[in-house]
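After this come two complexes, each holding chain A, first together with chain B and then together with chain C.
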Partner chain A sequence: MSAPFRLPTGGLIDRGRPLGFTFDGVAMTGFYGDTVASALLANGVTIVGRSLKGHRPRGVVAAGVEEPNALVSVEGGGFFEPMARATEIPLRDGMRVRSLNAWPNAHIDLAAMMGVGSALTVAGFYYKTFIWPAWSAYEWIVRKAAGLGRLPRRSGPDPSLHAHESIDVLIVGGGPAGIAAAETLAGSGLQVVLAEARERLGGSLSRQSTIAGEAGGDWLRQSEAVLERSGNVAIGRRTMVAGAYAGNLFVLDEKDGEGGHRLYKLSARQVVLATGAIEQPLLFANNDRPGVMLADAVRLYLEDFAVVPGRRGVVVTNSDSAWELVPKLARAGVAVAALVDSRRREACRHAAAIEALGVTPLFEATVTAVRGVGGVRGVSVSRQAHPAETVECDFLAVSGGWLPLLHLAAHRGSRPRYDAEAGTLQLTRWPDGWHACGSVAGSASVEAVLLEGAAAGVAAAAALGRSVRPAYEGRARPRPAIQPPIQPMPRHEAKVWVDLQADVTLRDVRIAAAEGFGAPEHLKRYTTGGMAADQGRTSSLNLLRSLAEVSGRDMAGLGVTTFRPPFAGLNMGAIAGLRRGALHAPVRETPMLAEHLALEAEMGEFGGWRRADHYRSNAPDREKAVSVEMAAVRNAVGVFDGSPLGKVEIAGPDAARFVDRFYVSDMIGLKPGHIRYSLLLREDGIIFDDGVAVRLSEDRFLLSPTSGRADQVLFHLERWRQTEWPDLRVAIASIGSQWATLALSGPASRQLLTALGPDFPVDRESFPHMRFREGRVAGVPARVARVSFTGELQFELSVPARHGAALWRRAMEAGRDLGVRPVGIEAWLRLRVEKGYIHVGVDTDGRTLPDDIGFGAIARKKAADFIGKRSLDLSYANDPDRDQLVGLLAGDGAVLEPGGRILAAGHARPPAPVDGRVTSATMSVAAGGSIALAMLRRGRERLGEVVAIQQGGRQLRARVTEPVFHDPAGARLRA
Partner chain B sequence: MTLESASIFGGPAGLAAPVISGDGWQFVERGDLGAVQLVAADEGETTLSALGASVGVTLPATGRTVELVGEGGRVIGLSPRWWLLECPLSAEPAWVARIADAVPGAGVLVTAFGDHLPWFDLTGPRAESLLSAGAFLHLGGPLTTGRARRMLLAQVPVVLVRLREQAWRLGIERSRAFYFRYWLAAAAQAGSSGDRHST
Partner chain C sequence: MLILTCPHCGPREERELVWGGEAGIARPDLSCDDVTWTDYLFFRANPKGVVLEQWCCAAGCGQWFKVARNTLTHEVLGTWPHAADPDLDALGKDEAQT
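Moving on, here comes the complex of A and B:
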């Protein structure tokens, strides 16, 4: 296929590098330097996709990030984008471009042929219709229909990289204002980044216009050369500033032009905002037809890509800027059938010049409708005191004024307002350290833009203590008086598109307003106007205008919706960066990792640690392996890697007072060398963590928070020290990874510890339960705590981490004759269920108080204050109906599982009120069946009661018991 | 028989050993280095003076500063009351004893820390750009030679010391060292396509 709409000369494309690509399977050609959109236009493609709801044919409207229609999927040529704007994707050889929301293709769309859409997709349709019998009945099909593009089943290309930089000045926007600011800062020694979203600098500058006394193209080349020689200004082309955050932190998405992204997180001390403005569409019937384009986009395709959208066009506008398009089209050989302006002739600055070209403008006129279906065949024009007339054409260039790109400032909390005189949104207060210049600040003439840009550069430098000369000096000519824009509101509301991307019509706005959704934020949510990938860039002004019209209110009084980051959609892979697969989140390893792997451990992530779930060397099957491991602990000795247990040391003259304020148990009275198990509470009395505290000496403690909460506990301690008790003389330090910890658990654990050669006695009398010893084991420094998580005799042996692997091997070797087994975390957790020990976060939740798990007496006994104590006296804490920890013993051979719902007394099956839940469960040799821990309403009063449990769609029965199933007297752990 | 030591990444225990490298960068495990953690119970002059005397230098009173001490050591200030002493691994126990003895009244928490926070060197012309893929290096002020900072790098808490223009020392908590190595390799590969900001 040839490219019939490509001009034989001109443009910035490289005609020496032809490229081949396909669109919906049809082969086409373009040139290096084209975007997908320019290449499609050059090839005469008018319909590039179908609208979201109504499946109406849609074509290219714009030339950049503001494009609402031309969303395509792109594969090949290094690219892999399920949904991207055709205006932003550089054309590459071999690209396969497909239209979205159309089947089998954009031209012949089955859904459009079947009439799916408009009648069924008016505002509020979903909310009113999909309510019977339930939303869930429709959810799957609505979700399937929603959105554009299909997520690929395979992962995308190579991961992109994130980068972090701190710079002096960020200039956002590479148009004349941004360039002027950058030239001013060139050579200043300040580190400057100039970010421009498009491939080329220049913004809306026409290369054929005159700027600073030179041709636009020449000026641009010279300016770029100045910046590139400067040594301190980095130019980020294809770099969109996507979001602005507190502290002048920005997110920038840099595309490499070959399908790759790099996401910058950039901190800037000063900001020059030169983002420019986006041209806005006008409202008239069928304003969504392919061939209706923004006038500035038509100019850009013409000048940069040597592409024209048709042979005979009409220009419709309410401001001066679009008038400049007319002579450019004429020079390109495109007939201008009419120039339609809603203003009076006196208000139109270029009237005489255009009339001199032989074009007769139609003043005080407007386009009321577009004729044609798959493209533009003509337009209906209405003029005051004239009969309506039809003008034949094959494209329509539209200019409905400009929307300044204030979005980044709005991200920082600045609130734009509608300025009736300017006919657009404006800001009067910019974030601290920001300097706005150019059309984003309301300037229109090129000379004013240059002066403002230079002034912004001077101001940014001054704020950083540098004096620089402005690159441009002088006085701009006074601006012509602003004429309020005239925006005739059309009839035929159902065919007037206010938001092209979200498929929102003027009728939708009227419906929403009539139904009470008359505030802009409500309108947005009810109609989806201003949402999705467009984010209101080409619709927010028209939505406001329409709302004001249909509700009879003043536009300035309506307020505006909130612009939130990102400014435009970001590639998901760019956001993820390296954080995918194994790098999604840091998983921690213990020093014994290699030993676990050597024993064929099945590894899993538990609380952020990579730990052995079970060992296939014990048995190939998980349940069998867990049984073997549990049996080893009950009957011989098991070795468990307890290295992830938190280890926090607290020292200082006030250490005991400090520690005592966190635990529900008395810690001041704890003797050196002794250990106490206790709970930490939040201020509201809820259990935050549990663990043991060791008093190493009078003024030194070792706390052992749970593995998954060690960091939170450390933060908790430090926060209270710094904010509430700065007078206490304590030092807090986490030493969690300093020590590798092996738990030796089982009746033979003392023998195993003895075999490892401790230099201190470990007999029962010398080393009783809940005591702590420091010395040497196996010739290296060691700390040994006699505590038990399993209910068996147990020693937790810690050595410096570099000796951990060797200690593990030594223990396995020394314990061979004792029947030692490596024990994984699954067996470990099941053993503690038999003993009735809670696992915070599993058996407790965000409501559990100490008394609920049987710790009430200890908490009440402590006279001294501790965090959460006062809350335990409140009425909710003493409600007799609270859930309490109990045991459950299954009947009838049933197997209990965590998550089962305990039905209220008197109910055998649902529907029924719920009295509690199963929190942990296991098969127990000691109990002779399936047991569980559960939180049950008034549980302690209900021992012996048989309860019904709804579990996985089945009903089970279980007897309520004490939570301790194994060695209730504790003789084994004190052995 | 005394238990043997093991390095994290399989190199000879107690020695410096390369872990991974690429074009323009090298990551070396400094198994020959140890660390001592010092946390003062207060910011009182008495405690600071005693601590300073024990290590032979005036302790940095603010974070992000580094002082060299005798016997191949380096004191890194992390906060007004928190320091790391980097030292030869073999000297770690002696330093712990010396500092603990020097400060009376439990005014300081001194712990051997080399197992918790092993040291690594990242060197080469690409070192800085690799590190900046993981975090802001210069947020809050330049991280020039001789300066240090405790920060999250690639979601991992690290102590970062700039030894020279292209040489960085990283203290990485042992449990996260594997993850960091994996991340570093991935960052090097992902970033091999080009430098920052096309011009």
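Moving on, here comes the complex of A and C:
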């Protein structure tokens, strides 16, 4: 298929390299150098997508990052972009391009045919409609209708890379201003980056215009050559500066044109802002029809891509820039049916030149409506003192003035203001170290832009103590007096689109203002205007203008909404970089991993560690395996990999005083070789962690924080040592990764330890409960703690990490006749529930104090200060209505689950006040049924009471008990 | 993102550091009244302007240090080892607050 709207000559495309691609399955051709958008236009594709809410047909409007309509998914050699602007994607051979928000395709969209979307178009619709009976009733259908594009099923093969750099000068924008600044800095020895979002440098420079006494194309080639040779200016093409942050840190997204991204975090000592300006549309009825395009985009497609949007156009404007398009169209053989300008003839500088071309401009005139549905068939023009007339045409080039791209400066807190004379937003004060030049700073003529760019380069160098010669010198001609733009406001407000991508009409703006959402920030949120993926690039100014109009207020007094990063949408894969899959949140492994896998462990992630949940070698079914493992611990012996348990050593003459300040129990009186279980609190009294402390010797302690919280506890200890008690002579070291820990738990664990050959006695008298021994076991150095998490006789055996796997194998072998089983974490946690041992963060939360779990007496007994102690005297800590830890024994064969709500006394079913919650649950052999731990209001006074529990959608009954179901006297523990 | 100069490691990016709130919050002793204690727990000056903060070089040396930062502009006026007691007034705190 030939491309009917491609001119036979011209453009910057490589006609020797034709490319094939498909759009919604239809085969088309383009050339190397095309963007997807230019190729679509060349092939005569007018409808590229459907609008978000109303499913109206939409076409390409712009040629760059501001494009609101042409969102497509692109699939090419090994990559998939679910939502990209067709104007920014370089065309590649074999690309499969699909329209978004349309089914089966953009041309025939069923939703549009049925009018499905139209009811969703009114401002505030969501807020007004989905409030009864509940948002949840509507959520599924709204979610289905929301958003654009589809996520790929798999992530792409090449993850994006992140790079961090620090440079001297960042130049944002590769148009004439940025190039002039870069040329000025070329050879200066300063490290300079020139970032240009498009594939080519040049910005809005026309290749046919004259710049610095040369043809635009020649000038650009020479300047690029200067920069390439300079050795100190790096040019980043396809590189968007997405955000500016404190300390002049920037985020840059560099695309390789093949779907790959590289995300830079770049800090720059000086900044040259040469981002230019973006043309703004005008408001009239049906201004969203395919074929209505920005005038400068029409020029760019014509000059750079040799593509025309139609055969017969109308140009409508309120300023001079669009007038330059008319002779260019004429030269390309495109008829200009009319040039419509809202200004008076005297204000238009080019009037005579245009008239000489045979085009009769219509002054003090405006387009009121577009005719045609799937494309432009003509426009209605209204002129003072003339009857309305219809001009036939097949495209409309629109220019409503320019919006400077000062967004990055606004990211740094500079507040743009509306300037009535210029008819646009402006900044007068730039962030420190920034030098704005070119049209972002309000310049119009190309000479002025070059001079400003060069001056910005000189200023940036000077700020860094370097003196450089400006690449361009001289004086610009004085700029012509600006005529304030005239923006006639249209009627038929429901058909006037103010924001094309968010699908916001002038009527929506009126509704929002009438309903009290008349401040720009409110308007934005109520209508979603300016909030779509194009970040309101072509709508924010018209939204303000419309708001001023409908509310009869002065535009300058309205203020401007906040511009936040990113400047344009960033690909999620680019943000994730390498942090995906296994690298997303790296999981730690213990030295015994291979042993677990050999025993067919079902592995899972627990608190950042890869641990065995249960062992299929014990039973293939999870519940059965867990019961086998629990039974082994209760009746024989189980071996559990406790290596993730935190191990923090505290050493120094003040070690005891230091440790004592963290725990609710006395630690100064703890004897060497003894172990104490206790709690650490936050300063507000809330339980932060629990665990045992071992006194290794007079001046050394070993603390065992919870596995998942070991790093936080270490950080906590170290922070207090450095910032509050630097006078204490003490050192802290985390030794967790040096040791592998095996817990031998169960009545036969002493026999198993004996079989492993300890070089110290392990009988009941020599090695009682809560004691610690250092020696050798199985021939390797070992630290053995007699502590228990299960309620059974237990030895926790730590050996240097490299011996962990061998010791595990020996324990499994030596325990064969004792009935040893490997025990996974699920059985381990259920065993502790039966014993009534809490798991901090599961049974406790951000409100739980020591007394709530039965530690009040111990905390009160300790006279010395410790972190959190003073908070335990505050009134809320002594409220008798607090939740307290209790046990629950289910009745009627019910099975309790964590998360159940305990209803207030006297209530059998909701609605009812909630008196507490079930925090952990298990089936208990000892209790003969389903048991749970729970936090219950005034729980300790309510033992024996039967409570109703709302669990899922059902009501259960359970009896309140002591939390300990297994061996309450502790005889087995101390065996 | 801020770049702060750790007194021990040199300039470091914010993501390598951990913020620890205002520096110089005195911990009252046990005998204080409830109001003094809850003020210590919950109330901070949170100035619009220069504040002396604690930061930890968490991905580097692990040391806590002090930073004078303008909360309005993110300007960093200086960094010191934790033991130092810099004079904020000498750093133009009053001007920055206007």
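Here is the rule we use: the second predicted complex is superposed on the first by the 931 of 975 C-alpha atoms of A that agree within 3 Å, B and C clash if a C-alpha of one lies under 4 Å from a C-alpha of the other, contacts with A are read in each partner's own complex, and residues count from 1 in each chain.
Basically, contacts are C-beta pairs under 8 Å (C-beta built on N, C-alpha and C of every residue); 3 or more make two chains touch, one makes a residue touch a chain.
Quick caveat, the model's predicted, so the values are computed rather than measured.
Between chain B and chain C, B touches the greater number of residues of chain A.
Once the two complexes are laid over each other on the shared chain, residue contacts for A:Ser399 go to neither chain B nor chain C. Once the two complexes are overlaid on the shared chain, A:Arg719 sits against chain C while remaining clear of chain B. Contacts of A:Ser267 after superposition on the shared chain: both chain B and chain C are touched. By the touch criterion defined above, A:Thr275 lies against neither chain B nor chain C after alignment on the C-alpha atoms of chain A. Legend: residue contacts after superposition of the two complexes on their common chain; A:Ser871 is shown touching chain C, with no touch to chain B. Of the two partner chains placed by the overlay, neither chain B nor chain C lies in contact with A:Ser798. In the superposed model, A:Thr527 makes contact with neither chain B nor chain C. In the superposition on chain A, A:Glu683 contacts chain C only, with no contact to chain B. Residue contacts after overlaying the shared chain place A:Asn287 against neither chain B nor chain C.
Shared contact residues on chain A (touching chain B in one structure, chain C in the other): 164, 265, 267. Chain A contributes residues 158-166, 193, 228, 234-239, 254, 256-257, 260, 262, 264-265, 267, 577-578, 582-583, 585-591, 593, 609, 643-644, 649-655, 699-700, 729-739, 778-780, 799-807, 810 to its touches with chain B in the complex. By the touch rule above, chain A contacts chain C in their complex via residues 164, 245-247, 249, 265, 267, 413, 683-684, 715, 718-719, 722-724, 726, 865, 869-871, 873-875.
The residues of chain B lying in touch with chain A in their complex are 1-7, 13, 37, 39-42, 81, 105-109, 111-113, 115-117, 129, 132-139, 154-156, 173-180, 182-183, 186-187, 189-191, 193-194, 196-199. On the chain C side of its complex with chain A, the touching residues are 1-3, 13, 18, 20, 27-30, 32, 34, 37-38, 41, 54, 56, 58, 62-64, 73-74, 76, 82-83.
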